[in-house]
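Presented below are the structures under discussion, each in the form of structure tokens.
Two complexes, one shared chain (chain A), two partners (chain B, chain C).
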Partner chain A sequence: MMDDTSQKTAGAAPLLEARRVGVRVRATGEPLVADVSLTLYRGRSLGIVGDSGSGKTLLCRSLLGLLPSSLTAEGQVLFDGADMLHAEAAEARHRRGTGLGLLLQQAMTAFDPLRTIEAHFLESLREKCGLAAAGARRKAEAYLNRTGLAADVLHAWPHQLSGGMLQRCMIALTLSLEPSVIVADEPTTAQDACHQFRIVRLLAGLRQERALLIVSHDLAVVQALADDLLILHEGRCVESGPTAAVLAAPQHACTRRLLEARQALSRPFLQLRGGRA
Partner chain B sequence: MTTFLEARGLCKSYGRPPRPVLRSIDLSLPRGVIWGLLGESGSGKSTLARLLLGLERPDAGQILLEGEPIRRWRSRHPGGMSVVFQDYVTSVPPQADVAAIIAEGFPPGAPRPDSAAIHALMDRVALPRFLSGRLPHELSGGQLQRVCIARAIAARPSLLVLDEPVSSLDIAVQARILELLQDLAKEMTCLFITHDVQAAVHLCEQLIFLHQGRIIASLPREELFKTDNPHVRDLLACTLVLKDF
Partner chain C sequence: MKLRTTLLHRLPGIVPLLFLTSVLSFGLVQLSPSDPAEVALRLNDITPTPEVIAETRARLGLDQPLPIRYFRWLDAVLHGDLGTSYVNGKSVAAELRQALPPTVMLAATATVIMLAGGLLTALPGVFRPGSRTDRLARLFLFFASAMPSFWLGLLLLQFLAVTLDLFPIGGMNGPASLALPALTLALPHMPAYARLLRAAMLRTARENFVLHDRARGLSPRTVMKHIFRNSLQSCLTALGMSLPRLMAGAFVVENIFAWPGLGRLCVTAIFNRDFPVIQAYVLLMAGMFIVCNLCVDICAALLDPRQREEAAQ
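Then we have the complex of A and B:
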């Protein structure tokens, strides 16, 4: 585990910097996310943890410039010379894919039901990486394989795959574009233990060369992946720091509650295993 | 312990050409025990549950409840079996309020439950009574899953099937729902379907592991780490827990 000082020396210039980001409901002005700042460096990973409704997903979407029009954004998200929060749609879109990659929680709605999985890969890899069909197919197969899927899912339609398989297809599709920043919003929710483990290992391998932001309500997943932690509660950052330090001495009641819940759920398993109870 | 449910040689295939999902399943569930049914996605867990609930018929094999074929037992015990699904949102009618959803759980033909009966069930699942007039979209995921559990136990079923009831919930909410289920399940035979070994160990005294449609292990919780079945050992090795920090 690297400490906070190594973070500053590891990647030199930050890849992405969010400054005092806020999100409000356009109609009422109600704040949903307020005053959150974070920095992502190459070779480093940041975990965002919080209850449902704490603003984790909205924060992710704002980093990619993907907020729905019913919401307004404040602050800045600096990536590759643009402010993703206020950039023109085309400029923001140009930076997604090979620059910023998003792994969504809901894979079911991420695919066009009228096109095969292969069509999704071919279009994305052609448009974003300029790959012709044969090269795109090879790359798709390689990344599907890394998520534990056989190449024959390329011929499947979205409705023919389970939620867990679709989620892995989406992970393979996003990662095949080789984004420099990976924003992963609960990427393992639909997975059984073995596939969750595989995806965590895959992301852990990729973070060496990229920046990773991992969002989860499960501290065990975040601990396995994140060098640093940011705890979100009711749209605000209530605690942040190196993962080991935050877990060893949680300051905020919300952090303590999340930690205790994870420990309570694991306790019978650990007792049986003969490890720490 | 008397056997409550017995299954012999259950087989089920889907598709054309037929792809076997369950291959010769034998099960014997004593009354009043919480069973965990574990396996990877696609291992046949939910299909087995649908057969045991009588929602689908096996291609081969037989299911007996208290020694009777399942169809006869079901017709003699309306509301005798019940189920809670993972997706609480699609499990409830969006225009019905909490009281109406819970009332659905009483068997057809039974007297209409009064508000005292509804409140008693809400108390059982630790739902505040003031929520009884709320609509599903006004509830959190944890609250809505409690509504589904209240509906499932309304008719005091003998068999309760829980198909991934906590997988879509936050960890903090999961722990609370598991405690509730632990308390409720003492009164019935309970089958808890999950891919999460930690949740299963939390709740279940007995664990059954499915792999590619076959039962590969059936053992008491205490013997989980003694098994030498490679698939079970894989699942245990993959289970993510918080490491010491």
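Then we have the complex of A and C:
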């Protein structure tokens, strides 16, 4: 499904490869995502764009083999020699966190309310990286700093932090496990413009040695981060290719609508600024 | 630090509550239509002629107006004196002290059985909802909750003590004699916990932070630990009500199994219209409810930082 322009690193083995992934409701067999294929290479990033309900989040979850039990997956997600969709539970689990990192959409509820942020970091780094408390704390502080948070959020409870801060905590936590592929589901929704820029810059920097899959409504974020673009519509891939090409000459009606919607949204702001719509 | 604030906020509220319980435990007993003086005389095989009754009433202080009797009783209770039994003239405090340890032992064992059993029957439903073990566990819980304890106690006696002769029939002789009464006491309470825990854990398992835990590749044991801790709140609240209820519920069970505890003491006192014993028992149980609820609130605050802050505000 990815066209050949995306395979600039031809010859290198892909980090993650999804082959004809589909998601169905177990009880009724109704398809929610169908026949989506994508390939992620080291040092490259892929943006997934689509309306709400187009199956973006489900696709992200299926890449990690984390679908709810009411849904079934078909196809293959190959990562590090295993099929994440059909591998043994333990085999898939060992690849999550340190191999495949997922940034969840709702950061507000992504932390255990009964434990401090520090407990989340220490536990994850101990279990996944074998780090002792002191080393884990240093690493946590370093990654929190990169997202623009002070080290004292470590002692905060989740309910004491704002949605934006929790989102940055989650980014720091996910990145501290140093995954080779980062699947980011709307990673900047709860951020103000300043932090949004900071996170985009951080993710862009990480792309060098990793692969990034970024889901967003925000075409500006996708444009800044994604080398390639995949447009999802009603669970199917309707268009894909290099970001610049897709945005310059959208082929599918859905892509055109998304672009128009974005222009319509920014029009009032431009008018407010005195510019012409 | 925050725990101390929680305590400081809760403790003053307990004083009026205790006062109210003392009024109720005294007042309700006084509503009883029969004359305790007459009953006390009959029990001691003395023919209750009007003169003797009047004399006994004067001796027991029953000829005084109700408020005066209440304040005398309260004054004595506050000084640690729960009065003497109308029937045998023994100190009520001494009788309670003697009957309390067996009841506490029975209730504690029943609590352990209740919690362990509740957890065990809840887990199949958490790991594999709808599986055969889960359905079996739910069927068992359905019967356990529908079974009144006096009937269950008699059945256990019939099968395990009489027919199979595995346990003693009654009395308090060693750990074996504890098994049947504790089981009888625990079983009807167990389903509530199993259901609360099962529902709470299934609900928590769908939470976003659990998905986040799993997305980080944490081990199933760690994830389950987080789910469990986050599901305890409802059980903890229920436990605050159950603990004293188990002690009070020992009433029936203690009588079936001839267990020399508080419940049996109280039932005897009720039949004998032995007011001081009944009042002391009611007061003790009410106090137990208050203390247990306070303990549960403290535990909840220890468990959940949000509750600590709520309490401190």
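Quick note on the criterion: the second predicted complex is superposed on the first by the 256 of 277 C-alpha atoms of A that agree within 3 Å, B and C clash if a C-alpha of one lies under 4 Å from a C-alpha of the other, contacts with A are read in each partner's own complex, and residues count from 1 in each chain.
By definition in this document, contacts are C-beta pairs under 8 Å (C-beta built on N, C-alpha and C of every residue); 3 or more make two chains touch, one makes a residue touch a chain.
Everything quoted here is computed from the prediction, not taken from an experiment.
The superposed arrangement places chain B and chain C next to each other on chain A without a clash. In the superposed model, A:197 makes contact with chain B only, not with chain C. In the superposed model, more residues of chain A are touched by B than by the other of chain B and chain C. In the superposed pair of complexes, A:164 makes contact with chain B only, with no contact to chain C. Of the two partner chains placed by the overlay, only chain C lies in contact with A:96; chain B stays clear of it. When the shared chain is aligned, chain B comes close enough to touch A:265, but chain C does not. By the touch criterion defined above, A:244 reaches chain B but does not reach chain C.
In the superposed pair of complexes, A:220 makes contact with chain B only, with no contact to chain C. In the superposed pair of complexes, A:13 makes contact with neither chain B nor chain C.
For the pair chain B and chain C, the model built by superposing on chain A gives 9 Å as the shortest CA-CA distance.
Note: no residue of chain A belongs to the chain B contact set and to the chain C contact set alike, using the contact criterion stated above. Chain B meets chain A in the complex at residues 39-42, 140-141, 167-168, 170-172, 174-175, 178, 195-199, 201-202, 221-222, 224-225, 234-236, 238-245. Within the complex formed with chain C, the chain A residues making contact are 61, 64, 66, 68, 89, 93-98, 101-102, 104, 106, 109-115, 123-124, 127-128, 157, 159, 170, 173-174, 177. Contact residues of chain C toward chain A in the complex are 206-209, 211-220, 222, 226, 229-230, 303-306. Per the touch definition, chain A reaches chain B in the complex via residues 51-53, 162, 164-165, 189, 191-198, 200, 217-221, 223-224, 243-244, 247-248, 257-259, 261-266, 268-270, 272-276.
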